[in-house]
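Same chain, two partners: chain A is paired with chain B first, then with chain C.
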Partner chain A sequence: MRFSVSSSDFLKKLQVASGAINPNPVLPILEDFLFDIENNVLTISSTNLETTIITKLDVVADEGGKIAVPAKILLDTLKALPDQPITFAVDENGSGIELTSDYGKYKLAGDNPEDFPETPAEENVDHITLDAWVLANAINKTLFATSSDELRLAMTGVYVQVDFNKIVFVATDAHKLVKYQYTEGIDSEVTNSFIMPKKALTLIKNVVTNESTVKLSYNSTNVFVDFGDTRMVCRLVDAKYPDYNAVIPVENPNLLTISRKDFQSSLKRIAIYANKTTNQVILNINDGSLTISAQDLDFSNEATEQLSCTYSGEPMTIGFNAKFLIEMLGILESDDVVFELSTPNRAGILMPSEQTDTDSEHLLMLVMPVMMSN
Partner chain B sequence: MRAILHLDLDTFFVSVERLLDSRLNGLPILVGGTGNRGVVSAASYESRVFGVHSGMSMKMARQLCPEAIVIKGNAGTYTKYSKAVTDILKEDVPILEKASIDEFYADLTGMDKYFGCYKFASELRTRITKETGLPISFGLSTSKTVSKVATGEAKPSNQIKIDEGFEKPFLAPLSIKKIPSVGDKTFQSLCHLGIKKVATVQQMPMEMMESVFGKHGKAIWLKSNGIDNSQLVQYHERKSISSERTLGKDTIDVYKLKTIIRAMAENLGYQLRKGQKLTSCITVKIRYSDFNTHTKQAHVPYTAADHNLIPKVLELFEQLYAKRLLIRLVGVRFSSIVSGNHQMNLFENTAKTAQLYQAMDGIRNKYGERSVYRASTFGAKTIGNMTNPFNGEPPIVLAHRTA
Partner chain C sequence: MDAFFASVEQRDHPQLRGKPIAVGGNGGRGVVAAASYEARKYGVRSAMPSRLAKQKCPHLIFVPHRFDVYKSVSQEIRDIFYQYTDLVEPLSLDEAYLDVTINKPNHKSAIYIAEQIRKKILQQTQLTASAGVSINKFLAKVASDINKPNGLKVILPVEVEDFMKTLPIEKFFGVGKVTAQRLKAQNIRTGADLQKYTLIELVELFGKLGKYLYEVIHGNDHRIVKSNRVRKSFSIERTFDTNLETQNHIEAKIKELCLKLHTSMEDKGVKGKTINLKFRYADFTTYTRTKSYLDFMDDLDTLQNTACGLFINAWDGESSLRLIGIGYSKLNTEIPESQLQFPF
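Presenting the complex of A and B:
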């Protein structure tokens, strides 16, 4: 088995696939790429048993064949080479690999391709196709809200709900919650839901950007993400997602509209003076003005700022973790945001100000306040 | 040169009791637990003649001094009187450390020129006794250690001044036990080495003490030589709050034990919320009847909510109590404390829970800590301490216990 390929094209594909390789895998074979050549097409696979990435590349090959190649040494070699055609050859035993560049030869030992774990089969799947930017956007907007608490497995991933003509992405860590909904061009024959693990989503986010559309195929155990000539197979989080709709307060009579940038930068300044562990800030909302304050008794630090805003509702004092608010405001993009509140003990809803139910894109963020003592 | 004043209220608990009831004057009095398991927290000088001292079991004290009047004592009253003394001191003294409920340090450095430290201290002592009616003693010297030892020598109701340069000769003839931080165990080890007087330590090279007792040895050597540069601690930051209970009778009644620790967790949770604090480390302690003590702790996300604390405390207790042995003592401690309010959880029906806590805490603020409690803690008596643990003052530690 022998093939020739441009070193930079080769490297680009390998870097995409390397995303699924963990630094210290449980099995040695998981440090390898699996190369499979058929009809002048090289298929590169990598896996960490949770996520598998499969990508394809046109090469000039003499025959078909398979081999497992240590990823790190191959990547390091290609990174150190300027762009040029290189030749990749496997000896008769099927274990010795020889790379040839303009500068010389590099030999490394390959592994038995039979040891490489099998990719999960695509059985009983449902499909949905959406624009790549929608998926990237959805991941960007939700990923930060996922939990890292392994005891609540469901919350470590993003909940994806496919509902005929809309797709909903939800993430929560029980303190904050994000719901991103998209409707345009979504067409599914079924309604279904699954939880995608955080790690796989980070990978998708990094590689999906240059594509135009993404196809999601899913069954009860895996989701198959196809874009361009790359496929990602992610094992789904096997847990029941909490009923998030039930915790979104319906009646929120108190509406605060405020410039997103002003709100965020004020919070950033005030948070410097808040307790470093709790990041607790107090919002004091009155007609037309929002007072943000924080104090850290241990160091006698204290700060207060007043912002102008539009507010309709009862005057209210409510406490939040500033870190959550800053994060959420950073994710939003609109000039103004609406903060819907009901009571100091109930979740606040943060949304872009110009957003209607008929928009193809709908974003809602929920944040839980801290329990104030009277 | 520094001038450090150490003030100590003489037999504080007894003095307070006498203030409340003058008939007790001149009689042998014991303050402490009245039950079987009670311990003497304070003994009047009249009873000390019989060999009674604080820390002794009440049973033994009564045998030694059968005519003594035993008083249960009330921490709230003592706190009140202690505060009265603190207020007077705060008015007059530039830097004050409240080391415990009946012990104070004051830094009078630089006042010599204007008032005369000793004169000032004497007047202060007279004023305190006059205004509160409580006898107080003091020691004045150049460091905290020497002043504390001096106060001990001055007692009862007297004062001592150790001039600069006379610290060593003052300490030399005293028993090594008088040096703060030398407890019973260290004293015993020192005795075995033939060291009974401070003078012996003063004559030894520091390295020798360090090689035998390590860091602690070095500290003892320095103190014995009157070297102590430690500063006054003006504010005691509470790093943990805890509650423990020695049972009237050893038990294996898990239901009763659980009721007690549940009540402790509930009460400590209220204290946290009242002080706007959160904890992230929960410890449960049990002591078996053979005095073997076991603790188990767990880290949790910062919380002050009973519905997080109580189940965790019970879980720890269940993990810890696996022996089916008689239990003598149970305790609960919350540490890793930070300021802040509880971050509510979306999926815990929180609005209602928060309102419940606010309502319950409101009632407690108005009518007392045990005015309202969970039915599951019904029957657990006298849990709670009536004071705000986060006011910067040291916890009320009974005289015989080390904090």
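Presenting the complex of A and C:
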């Protein structure tokens, strides 16, 4: 194998692929990139067995071939070089690698490409194509609500439902839940669902931004995510997602409409005075006014603020974890938000105020209250 | 678990018991997902193409998989593990590393705990499990395969060196077929052969793999058991090579451990309301003392002063110590009970 390439183009691609590389003393081959050259195209693969990233780069190749290359040393070298053409060559034994820059030569030992794990085969897949920004947006809006409790495996990922002409992303940690739905241009021949792991989504979010469209192909074990000249293969979370629809209240009669920014800033101030274990704030809602208060009996700290709002419903008092509300209000983008409530022990629904069922984008968040100790 | 999927099928379908069965597709491109021990006698292995399996064992019975059932059994088994420790690192549906250095029943013997877990699994699921007990993950994993099925293998610290010598290189976790061939090409067939090489020689021959092999063959596998459960406490403890005698020595050690604990908590942004101290005299009597604060603490001075204060109040003033542990509990990462949950 022997090829020449611009060091910065090379580095850019390797950085994309490096997302799937983690230190792995047990299987050192997983600390490598797999290089494969054919017809002046270099295919770079990396894997942590959960997620595989495959990306392509045009190079000027004198000889084809395959080799596994230690990722860290190669990345470190390229990061330390100003942009310039460099040459990558493998010796006759197929294991010694020599890099040549304007400044000199760098040698490192490659590994046997046959030891590199095979990429899962794309078999029996269904497809859906969507705008890259929709996927990025869906990830941004849901990822924060996933659980980190490995005992409830399903909830550690984001649930994706493809349903003919809509795609739905759901995440929950049993305390809060986000449902993001998108319809425009969605066209699937089937209805299906799968759970994508959090780590893979974080990787996708970071690299998908500059692309226009993304194609998702999925079967029962993997999802293949294609964008630009990059493919990511993610092993799906093998678990049954809880029936989230069952916990979305259909009738929350008490409707609070309020400025999102005012609500969020007030919560941030009041939260300073809340008990640090519960982060509990109390919302007291009357016609036209919302009183937010908190107290920490341990320190005799307490705070109260009053905000104006639009409210229709019975006057009520309900407790929430301020951190959850602040986080969720940060995810919403509209000027005003609607908080639909029923009783102090039932979930509240938080939504953008001017959202209708016919919008191509639909966002709904649920949050469970904190029980008030009288 | 022993022949996990296949055993579940034999448990649920008595007519399959004692017969060679394979879980998986019988079709042209199907592969064996799991083979019963009866089938293994014929050379049937998991991941083997079904067609080949059928050649090796013509009366092999193929059973379609029921992943939902395996998953729920897997969950049952994990729940049993969690009765003993929160430090459970699942490797797959039917395999996990458990760190029982500190365990919930507070039992000194890891062997006893392994036997208890195996017994409970059998009682609860009617399935047999095998366990390996040793000083690190590498050895525990290798040991767990030795007395399969329904067996326990212990590799005591004093046995490690001899055990390593006789271990065939194929048994090293992380060494596959290709690597095994490369090792054999160098006439390395057992641990004893590996032990003859220096670190530098092994790295020259096999790169990173060489370093890994060198470390494990000398018993240096320090990988921790990674559990992803929500932690309820954060602690660190040390057993000393020579017992600590004087107050100065002991306090210096306590402060050193506090610094370590403080650094690792700070990295993770974890704070705690309760500070715990544990110490053990040379005769193994063990004491624990705790002090709770109103607020979440992560201040090193407070930690060191509290821990030393707890110690001075509890120490008999003369006995030497073989172990000290420091920890935080009531962490800021815990979810309080008053936080309601969705009824999933």
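Assume the second predicted complex is superposed on the first by the 369 of 374 C-alpha atoms of A that agree within 3 Å, B and C clash if a C-alpha of one lies under 4 Å from a C-alpha of the other, contacts with A are read in each partner's own complex, and residues count from 1 in each chain.
As a convention for this text, a residue touches a chain if its C-beta (ideal position, glycine included) is under 8 Å from a C-beta of that chain, and two chains touch if they have at least 3 such contacts.
Keep in mind it's a predicted model, so treat the numbers as computed, not measured.
Peer 1: Using the overlay on chain A, decide if chain B and chain C clash or can fit next to each other.
Peer 2: After superposition on chain A, which the two structures share, chain B runs into chain C.
Peer 1: Does the superposition put A:T172 against chain B (first), chain C (second), both, or neither?
Peer 2: After superposition on chain A, A:T172 lies in contact with both partners, chain B and chain C.
Peer 1: With both complexes superposed on chain A, which partner does A:D357 reach: first (chain B), second (chain C), both or neither?
Peer 2: Once the two structures are laid over each other on A, A:D357 reaches no partner at all.
Peer 1: Mind working out whether A:T343 is in touch with chain B, chain C, both or neither, as first, second, both or neither?
Peer 2: The answer is first: A:T343 touches chain B but not chain C.
Peer 1: Go through the superposed model and pick first if A:Q280 touches only chain B, second if only chain C, both, or neither.
Peer 2: A:Q280 sits against chain B and chain C alike.
Peer 1: In the overlay, work out which of chain B or chain C sits against more residues of chain A.
Peer 2: C
Peer 1: Looking at A:M368, would you say it contacts chain B, chain C, both, or neither? Reply first, second, both or neither.
Peer 2: both
Peer 1: Kindly classify A:E251 by the partners it touches after superposition: chain B alone (first), chain C alone (second), both, or neither?
Peer 2: Neither partner.
Peer 1: Please indicate which partner A:P28 is in contact with in the superposed arrangement: first for chain B, second for chain C, both, or neither.
Peer 2: second
Peer 1: Check chain A for residues that touch chain B in one structure and chain C in the other, and list them.
Peer 2: Of chain A, residues 172, 174-175, 177, 242, 244, 247, 277-278, 280, 298, 319, 321, 345, 347, 366, 368-371, 373 contact chain B in one complex and chain C in the other.
Peer 1: For a test of understanding, state which residues of chain B touch chain A in their complex under the given definition.
Peer 2: 237, 273-274, 276, 278, 302, 304-305, 338-348, 350-351, 354-355, 357-358, 361-362
Peer 1: Chain C touches which residues of chain A in the complex?
Peer 2: 25-28, 31, 70, 109, 111-112, 114-115, 148-151, 172, 174-175, 177, 238-240, 242-244, 247, 276-278, 280, 298-299, 319, 321, 345, 347, 366, 368-371, 373
Peer 1: Considering only the defined contacts, which chain C positions touch chain A in the complex?
Peer 2: So the residues of chain C in touch with chain A come to 67-68, 71, 78, 82, 90, 173-174, 176, 178-179, 182, 207-209, 211-212, 215, 223, 227-230, 273, 294-296, 330, 332, 334-336, 338-344.
Peer 1: Quick one: which bits of chain A touch chain B in the complex? Just the residue numbers, please.
Peer 2: Going through chain A, the ones touching chain B are 172, 174-175, 177, 242, 244, 247, 275, 277-278, 280, 296-298, 319, 321, 343, 345-347, 366, 368-374.
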